[in-house]
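Two complexes are shown next, each including chain A; its partner changes from chain B in the first to chain C in the second.
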Partner chain A sequence: MVTFVSAGVIGLSMGAQYALIAIGFTLIFGILGVVNFAHGGFYVLGGYLAFTLSHVLGVPFVAAIVLATIATAAIGYVVEIVLVEKYVVDHLATMLITLGFYQILITAIVVFYGAEPMDFSFPITGSLRSGGIFVPYSNLIVFVVCGAAIAAVYWLVYRTRYGIALRAMADDGPVARSQGIPPATMFPMAFAIATGLAGLTGALVTPMLALDPHVGEGVLLKAFVVVILGGMGSIPGAMLAAFIVGLTEAYASVYLGGSKGALVLFVLVLVILLVRPQGIFGTEARKA
Partner chain B sequence: MSAAVSTLRVERASKRFGGLKVFEDVSFSVPAGGVMGVIGPNGAGKTTLINVMCGMLTPTAGRILLDGNDITGRPFHAVSRAGVVRSFQQTNTFRSVSVEENLYRALKFNRLADGESLRMDDLLDEFGLTRHLAEPSDKLPYGHQKMLGLIMTLAARPRFLLLDEPAAGLERRERSNIDRFVDHARKVLGCGVLVVEHDMDLVKRICPHILVLESGRTLAEGPPGDVLARRDVIDAYLGTSAA
Partner chain C sequence: MAPDRHRDFWLDLWGMALLLPLLAMPLLFKDPFILSLTYQFAIGVAASLSVYVMLRMGLLSFTVPAFMAVGGYAAAMLAKSGVTEIMALMLASFVLPMIFAVPLGLLVLKLKGLYFIFITFIFNEILQLIIFETPKLTGGSDGVVGVPAATFLGADLGVPWRQVFATVAVCLIASVIAFAASHRYRAEFTSIEENETLAESLGVAVWKYRMIGYIVSAGVAGLAGLALVNMLGTAHPSSFASWSVNNYIAYVFVGGRGTVLGVVVGSYLLIYMTNVFNAYAHLSAGLFGLLLIAVMMAAPGGVVGTAVKLFGGFRADKGDAPRPAPAGGAA
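Up next is the complex of A and B:
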């Protein structure tokens, strides 16, 4: 029972991080129709920026995370305008552009920081112990911060005029434009929000897990799994699927052993997709 | 706004895609409150004409003037904001959300508190949409989706409406809804309306003035009774008789 609860809390904490990554990924896909292969790169970038700010420049950890988030969002904004915007209707081109940007970014990080893992640690150590239940504080903090960020995104996307316009743009771009919505301001902002979320997750999570130039690949893969499971372009789908993936991983690794976790996860995804090929909240394929 | 009657004018407009000429040297005006029909065989350039007028495409030559102001080359959303609003041949709605949410979005995007002044509720009632407000819009019968899309264009407070085949896909008995919609747009909003349409009965009913496009040029213009009786217009539609 105690193990069950502890694993559950860790699963929720992992689910919350996956949700943040996947919401951004699905937002970009839903609104721009772009599969952002650089998404993991923004996670890595967030980690390195937070590391540099807090461990090299001595900025307090909280401020470092906030600054890393803002910086990755700003870089995402510029990347959308400079690299993606012109080719936004060409799916293959945007895949290659984002993949290319990812390669350049990661190579730049290797050149500046080297390929070795950084010694980046979470400033708060220790665990919450209660009745034999054992939860590291870092997991709790990640869970709370990610939860707050998810709530903020939810509010932005579902409650504000800007967010409603974003969703309308994802539904049907031409109809939204005929209602006076300007795509030129919507696309870069959507990209910035998404990459900012990836940066925030990287800044927050890499000190707990690991920070080296290649941690983004696993993150991108996980985002793909979550988004396909939840339904491409669906934000509620991504949230739900992220927690399914997080909890499955946590329980499978506790009860079946680490390497079987991935196996259970992919079998589960396969089964869900056999029953619902469009994903949990997915509708039909996106219009061309 | 000038004291003179507001007009939307297309002045010597041409559109080419590379070597492909879609239309050339087309000029006409739609006055506020007026209804103009644009007809012509498939491929005559009618939808491209709307695309150029609404800002989705830039004309290769010529100008689009709204009350004498050049709006050529302004982006699509800006042309909508300026009051030249189009509808699409297919449905004009946000498919993933309910009827109510569609209307809410249209009002919200145009910073309207409600559709009161536009009397949108009257049209929702008349077209039988009021009892479907909570339903997902893409589950409605096609005719209902199409009327919802047309009603949504009103939220943008158009001064000129460009309707691309509004009756296409509607059942015959539903087509009088288009008459009713156009009438509402003219009377309540004072809109000028340009209608691209294949249903000749509808065109004759609602358009006191029509323009025939054929292979990208203006073949004829005038009242439908005169224009549709012309030999060259009949030939354009039915092919030249061998005799």
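Up next is the complex of A and C:
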């Protein structure tokens, strides 16, 4: 029972991380129709920026995370304007352009920091122990921060005029444009929010897990799984699916072992797709 | 680049013709760099043609490394069991992935667009996990090592030039199969790519042709897997990593996804440039990324697609308009 509860708490923490990553990924797809292959790269970038700020420049950890998030969002903003904006109607071209950017980004990181993992540790250690249940503080903090960030995104998208405009662009771009919503403003901002979320997750999570230049590939795969389950472009779907994935992974890892856990997760994706090919909250897929 | 049956047929033939010199390379050169480049070209083209076959129907499939792994591992295990005849290895590497493709196709071909892309990407991960979880069968993380050299009618193909020649020959056969299938079903594939609903309403059995394309694509990828294992002498999970599919997709799009010539030009260009970039090993991936972005921004139709467009415009300016597509040519 104790193991079951502990695994559940860790699963929720993982689910919150996946939700933050996947919301950004699905936001970009929902609004711009772009499959951002560099999304995992922004996660890595957030981790390295936070590492540099906190471990090299001595900036307090919290400030380092905030600055890393802002910097990642700013870089995302520029990337959208310079590389993506002009080709936004061609989904395959933007996919390859973001893939190319990912490779440039990772190469730059390898050149500056080397290919070896960084010694990046979470500043708070120890665990919460209660009734035999054992949960690391780092997991709890990540869960709370990710939860707050998810709530903030939810508020932004569903409770503000900007969010209404974003959703209008996602629902029907031409009609939204005819209503005076300017894509030239909305697209880069949406991209910046999404990449900022990836950067925030990287800055928060890499001290707990690992920080090396290639961790972004696994993160992108996880984002794929979550958005398939949740439904492309659906933010509530991504949130729900992220927690399903986090909990499935945590329980399968505890009871079945590492790689078998991943296998269970993939089988779950297949089963859901058989029953509901458009995902839990998804609609008809865009043509790629 | 708008479809033009006559023009595209000739461009495809030119693409196939550009593959033929690869057969002569191991006979003419002994330089290890040239031999290495030759087999990389051959394998790259075969794997990219597997992507190309599916793209003819507007489907971007990421399962190429998985089917390459099935073909490669099948050949490696067969060779380890004592069957080294290249024809038998080819048969196994071609047929087994096609058999695997049938149930997979039943599952994934009803998906469209990005769901199809993502689920096919995930299949690579599933296969990698299965390989790691079945060490007795596949060698697990060590792979199948010490694969004996293939033979052809009893002749040993282990000598370097023969090994490269055999690899190129296998890839050429794979390329011919991809070329033949994409032309045999050209009208059906194009109609599915351009308007699936309309094609279906006009009586095209969309599901059937998608399945045919998927099976052919799997077989072609399986042969590319055999070619890779034949060169490396080992079947290792890292040789079929999920991320490698991005290279094959990049070859297709950089060259031009509309024709076999585009696939061949894209493969030659990017593989050559990757080898040049390898001189700056730590910058290699970044330079590849830079090249990818540059080509996609400067020539969105790929090198061949853009050249055809420019040349077509030039001919039209001169009053020598390109031949119109025959009725029904593009379905």
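The criterion applied here is as follows: the second predicted complex is superposed on the first by the 286 of 288 C-alpha atoms of A that agree within 3 Å, B and C clash if a C-alpha of one lies under 4 Å from a C-alpha of the other, contacts with A are read in each partner's own complex, and residues count from 1 in each chain.
Methods note: contacts are C-beta pairs under 8 Å (C-beta built on N, C-alpha and C of every residue); 3 or more make two chains touch, one makes a residue touch a chain.
Because the structure is predicted, anything quoted here is derived from the model rather than measured.
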Touching partner for A:132 - first (chain B), second (chain C), both, neither: neither
More chain A residues touched by chain B or by chain C? C
Does the superposition put A:93 against chain B (first), chain C (second), both, or neither? second
Touched partner set for A:225, first chain B, second chain C, both or neither: second
Name the contact category of A:123: first (chain B only), second (chain C only), both, or neither. neither
For A:181, is the partner it touches chain B (first), chain C (second), both, or none of the two (neither)? first
Between chain B and chain C, whom does A:165 touch in the aligned arrangement: first, second, both, or neither? first
Could you tell me if A:60 is touching chain B, chain C, both of them or neither one (first, second, both, neither)? neither
Contact-wise, after the overlay, does A:107 reach chain B, chain C, both or neither (first, second, both, neither)? second
For chain A, which residues belong to both interfaces, chain B and chain C? none
Note: in the complex, chain C contacts chain A through residues 58, 60, 107, 110-119, 121-122, 125-126, 129-130, 132-133, 242-243, 246, 249-250, 253, 282-293, 296-297, 300
Residue set of chain B touching chain A in the complex reads 54, 56, 75-78, 80-81, 85-88, 92-97, 105-106, 108-110, 149, 152-153, 155-156
Can you list the chain A residues touching chain C in their complex? 29, 35, 37, 83, 86-87, 90-93, 96-97, 99-104, 106-108, 110-111, 217, 221, 224-225, 227-228, 232, 259-260, 262-263, 266, 269-270, 273-274, 277-279, 284-288
Where on chain A does chain B make contact in their complex? 161, 164-165, 168, 171-172, 174-184, 283
